[in-house]
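Structure below; questions to follow.
Each chain carries a letter (A, B, C and D) given by its place in the written order, and its residues are counted from 1.
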Amino acid sequence: MSATRMGLAGGLAWLLCLAIPALAGSAWVAIFATFAIYAITALSEDIILGRAGIYDMGHAVYLGIGAYATAILNTAFGWPILATIPAAILAAALAGGLLSAPLIRLRGDYLLVATIGFNAIFILVMQNDPGGITGGSDGIAGIDVPALFGWQLASQNALFWLDWGVLGLALLLMRNLDRCEFGRALRYIKQDQLAAATLGVDTRRVKTLAFALGAGLAGLAGSLFAVQLSSVSPSSFVFTESVTLFAIVIVGGPGSIPGVLLGAALMFVVPEIFRDFAQYRYFVFGIAMIAVMVLRPQGLWPRRRAA
Amino acid sequence: MRKTYLGAACALGLLAGGMQARAAAPIVIGVQAPITGAYAEEGQGIENAVKLLAAEQNAKGGLLGRQIEVKVCDDEGEAAQAAICARQLVSAHAIAVIGSYTSGAALAAEPIYARANVIQTSDGTSDQLLAKGYKTWFGNAAPNSAEAEFTAKYLVSVRGFKRIAVLSDHSSFATGLAQAVEQDLKAAGGNVVATDYINAGSQNFTPVLTRLKALNPDAIYFSGYYSDGGLIRAQMQQLGLNAVFVGGDANQNTAFAKIAGPAAAGSIIINVPAPQDLPYPAAKEFVASYQKQYGSLPPSVFTLTNADGLRAVMQAVEKTGGTDPDRLEAYLHSLKDFQGLTGTFSWNEKGERIGSPFVAFEVQGDGGYKILYPAAPGS
Amino acid sequence: MTRLLELRGVSKSFGGLRAVDDLSFAVEEGHIVGLIGPNGAGKSTVFNLITGVYRPDAGQVLWRGREITGAAPHAVAALGIRRTFQTIRLFGEMTVFENVRAGIHLRARQRWWQGVLGLPAQRREEERLAAETRAVLARLGLADVADKPATGLPYGLQRRVELARTLVAGPALIILDEPAAGLNEAESAALNETIFGIRDQGITVLLVEHDMNVVMNVTDHIVVINFGRKIAEGNAGAIRADPAVVEAYLGRAGDEEAAP
Amino acid sequence: MGTFIQQLINGLTVGGVYALIALGYTMVYGVLRLINFAHGDLCILGAFIGLTVLTGGLGGGHPGAALLALAFIAAIIAIAIAGVLLEIIAYRPLRRADRLAAVVSALGASMLIENGIMLIWGPDVHVFPPDLLPKTSWRVAGAAISFTQLMIILISCALMAALYGFVNHTRFGTAIRAAAIDQDAARLMGINVNRVIGSVFVIGPALGAVGGLFIGVYYREAYFTMGWTYGLSAFIAAILGGIGNIPGAMLGGVLLGLFNAFAAGYVSSSWQDAITFLLLIAILILRPTGLLGERVAEKV
């Protein structure tokens, strides 16, 4: 299938999904709304891990920064939700850029450990409630619903459409990334950093930018996350969440948009179907992760080689 | 089997209620509880209690002649799931929601119920739940502050400890309790020599205990859970730290004594009595019919506090003669000396439960408990 | 004639080993310059010092008379210096077209956010650069394999793809690290023509090569190093006659030719 | 002074356990360049197997030294077998694949083992029988050191010394080191690289099983999620020392134990992990390949 036809098929699938609230029960609407938020986060991890090949195993931090930014600005300073979104994106992007800048030259596995470290530190900082603004381990509750032209997006259906609308934008952004010089530079770096540098790619700057961009997109997802839950707490952004995001990208197919979406669906929607087997869930997950990697090391839906 | 019973109860209720009942729509009571996950046992306890009380009420003709319909949503004790449940129960037109078990899940759901004007009664005790003053919130368990007040009084006035160290883990429940205890200790004139946090499950508490040892405390108060509490007690002994270990209610578990080993004896735990030890006749009756229906005791006293929440709501519907949320809430807020299964209590304007029976237990050499203070209720 | 590139007293050590020792030489604009020496003489290290992969311990690197010592690889590339590698370094997950397209990275004027937003100006630029890439592919006879995965091609073709990737940028200097390595006889013979062709486009060439046919036949100027030090310099005839070179290098030319 | 010595003892005990577990990470990384995320869970599986032997054998007789030794042997053998199976099933097919595929396979294996423990033994905290070891404790300069602590410190040191000797002074040890430097070259030199990799998946998990069981007898409890906690700490220890470097893992483990103790003891227990990670990040910035790791220039 050509890239254009693929994009068309994807667009159609997205339109069909918009009809979920008309077809499915309210529980599924909530599940798919949450899926959209995690899908955006997984796509943002894909920018860093799948495209630039930077081993980021602390990505939940940026989701968390976005969520906390929205929560704090809304509850403590009374900003309307929509106004907090740019601030959430900016805060997460800045954090991503600043944290990664001194570490970006580290070899893969060492960077991975440093990002794990960021995650642990982030959780502890949120728990210890510096300056009384993060609410400690309870986090922050009572976040408003977004208002659009005076219309309150209070129902789960309204939030669903908001989340899927943003997911649509994120998908467009990812598609553009495939077609632009910056996106290609990420792939050069992933495949051969030295060759990329001798072709004139400023590897350090591009990698830091990739980190900031991925973090910013995750921050946007974090805003939506805070709204969906109407509360934030450190437990939503712990290291295991980062590991899940990491696994989604690799299991789905690094650098492949449908692959990452498939991975997110497997990790967040399929478990809902098997709720009755709750205690076997992660056991089976473990087996599935090994099996997928052994049988399809490139991921379930790998990136097409000739783009 | 449970379904058959409920079906039979419904049929009975319909017969008793006659035409009026059949014509009127049922009154929906929501249950938001961790049916699966780490707190499944407690969540199922809440579900069981609500269904039991509803079936009993329906057998008596329902509320205002209308049947009670129970809608259950599993929040897994997770905030994300709790928000989903809250939206679901709101759209199911529940007049009141019982649960959830954990403060975190109750907290995530709280603003959604408040916005929809749906009564929420949960055993969540975090002070954050009171922070917004939502008029839909009714905590049915004794809040941290009551436990803290009792703890401070016991440590300072009854035992006369001069130097007290306060430890907590990072959980929302334990930090809230520890902060309240610290405040009340100071208010009661106690000397808090140190406050610190441990990471739950990290097992190695010797570094922080070594530091505390240098401060020479008479007592170490720990607000976290039994698995860490037991280890802290054991490691205190290993380091030769001769202070009394005082644990918050989450330390009351048989595993505490097993983990602490020989060091367990003499530890103090502060909690409300277990369901079967509650002295009130209504409580004994409820525990008996629960056991008859489900073949086991309620998992904890929180099953009964949530039952109390539902009993109060049912009383409000009957007394106000309708399901208008504002009138129900006003009634509950003004309710004085409600005769609960877990003692007499009322709600203040923030929805905080006032009135609770805490006791101090001492862990015995055989792992059993002995009530030290006050004299066992009812005796 | 202007000095395009000049090394002045450049040294580099790894641990205790002096890989390059007080090396000085210059590359004149428009020349084809050969850097030769026995295995382990430090030739590749010299290339890495010029292109910013390594930073010299001492000495200076000058580009058109301006010091560029220790500049980062991407900054060196921005000056118009391009290189190939001893072991081919193509992007393995990309097609031939994509690999060559990577060579004009620096010609893209779009900002990263323009690309992410997919603005019209950016799209027009994309089309223009793609057309340029296709022109270079056609010129080097790679048009037919443009959409094939690059690393699946025969070795000789891969070399040509790597060369195309450097040429597409329109550089001032191309540094070729053993361009004949792994080529068959016919390909090796064609290489001479290719190198002359590059020079005729006005591009200066600096190459390391073991294949004496290539070195002696194409270069205007040769620098010989051994153990990191320069032992001789001059045109092909002078080098052939230099006794130090004969001893250090040509005396063992037989071994060299036997080796791959 | 007594407090300082006490923190030193606290730190050394935990550090010894970290080091034993860290060796498994570092040896596997050395030969395969793979972070074996399942290693921590293997170690805790060892603790559970040891616990089963101890409680099973306690029925009538006394929990003598023989039973304890039996528990250790059973844990070592079982975990060594599990380690080899893990390599064959989850890692060997991925040796030529992208490195991240193996990392995710390792994460899957970790999830599998952790939840397998939960399904077999249940999710609650398991308590080790009391009186396994003498309750003796000694006082050193105002600090207390228990028999268990002393045993853990001494046995950890002995095992590490033995491993160091084995790797540096035997033919097979040389083969391991050679394979760690360059697998292809080692193969050309006639070294059976598969055997080396297999041996690493025997030695690492076996040492880890000892570490895991040490945790069990020291704290007298085990629960299924412990593998992550200890695995992560030990992994950090390995990175700290320079992953792939055997003495580095030993040094890293002991240092991490001491960091933890002093951070919790002198700064704040609540910031303990943050301090540890900040220190780690600082070390990585200053020495990107860890304390004893070699700086490698990329061959171009």
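Here is the rule we use: a contact is a pair of C-beta atoms (placed from the backbone, for glycine too) under 8 Å apart; a residue touches a chain by one contact, two chains touch by 3 or more.
Computed from a predicted model, the values in this text were never measured in an experiment.
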Looking at CA centres, what chain is most distant from chain D? C
More contacting C-beta pairs: B-D or A-D? The answer is A-D
Nearest chain to the global Cα centroid? A
Centre-to-centre distance between chain D and chain B (centres being mean Cα positions), rounded to whole Å: 40
Centre-to-centre distance between chain D and chain C (centres being mean Cα positions), rounded to whole Å: 48
Cα-centroid distance, chain A relative to chain D, in whole angstrom: 32
Give, as an integer number of Å, the spacing between the C-alpha centres of chain B and chain A. 36
Which positions in chain B touch two or more other chains at once? 170, 197
Sequence positions of chain D contacting 2 or more other chains: 123, 270, 273, 300
Enumerate the residues of chain C that touch no fewer than two other chains. 53, 85
Parts of chain C lying in touch with chain A, wherever the complex brings them together: 51-53, 72-78, 82-83, 85, 89-95, 98, 101-103, 105-106, 108, 110, 112, 114-118, 122-123, 126, 147, 149, 165, 169
Can you tell me which positions in chain A touch chain D when the two form their complex? 49, 55, 102-103, 105-110, 112-114, 116-118, 120-121, 124-125, 127-128, 194, 239-240, 243, 246-247, 250-251, 254, 279-280, 282-283, 285-290, 293-294, 297-298
Under the stated contact criterion, what part of chain D meets chain B in this complex? 2-3, 6-7, 10-11, 13-14, 123-125, 127, 130, 137, 144, 146, 215, 219-221, 223, 225-226, 229, 260-266, 268-270, 272-273
Inside the complex, what are the residues of chain D that reach chain A? 29, 35, 89-90, 93-94, 97-105, 107-116, 118-119, 123, 228, 232, 235-236, 239, 243, 270-271, 273-274, 277-278, 280-281, 284-285, 288-290, 298, 300
Would you pull the chain B residues touching chain D in the complex into a rising list? 38, 170, 196-199, 201-208, 210-211, 213-214, 227, 230-231, 234, 238-240, 255, 258-259, 261-262
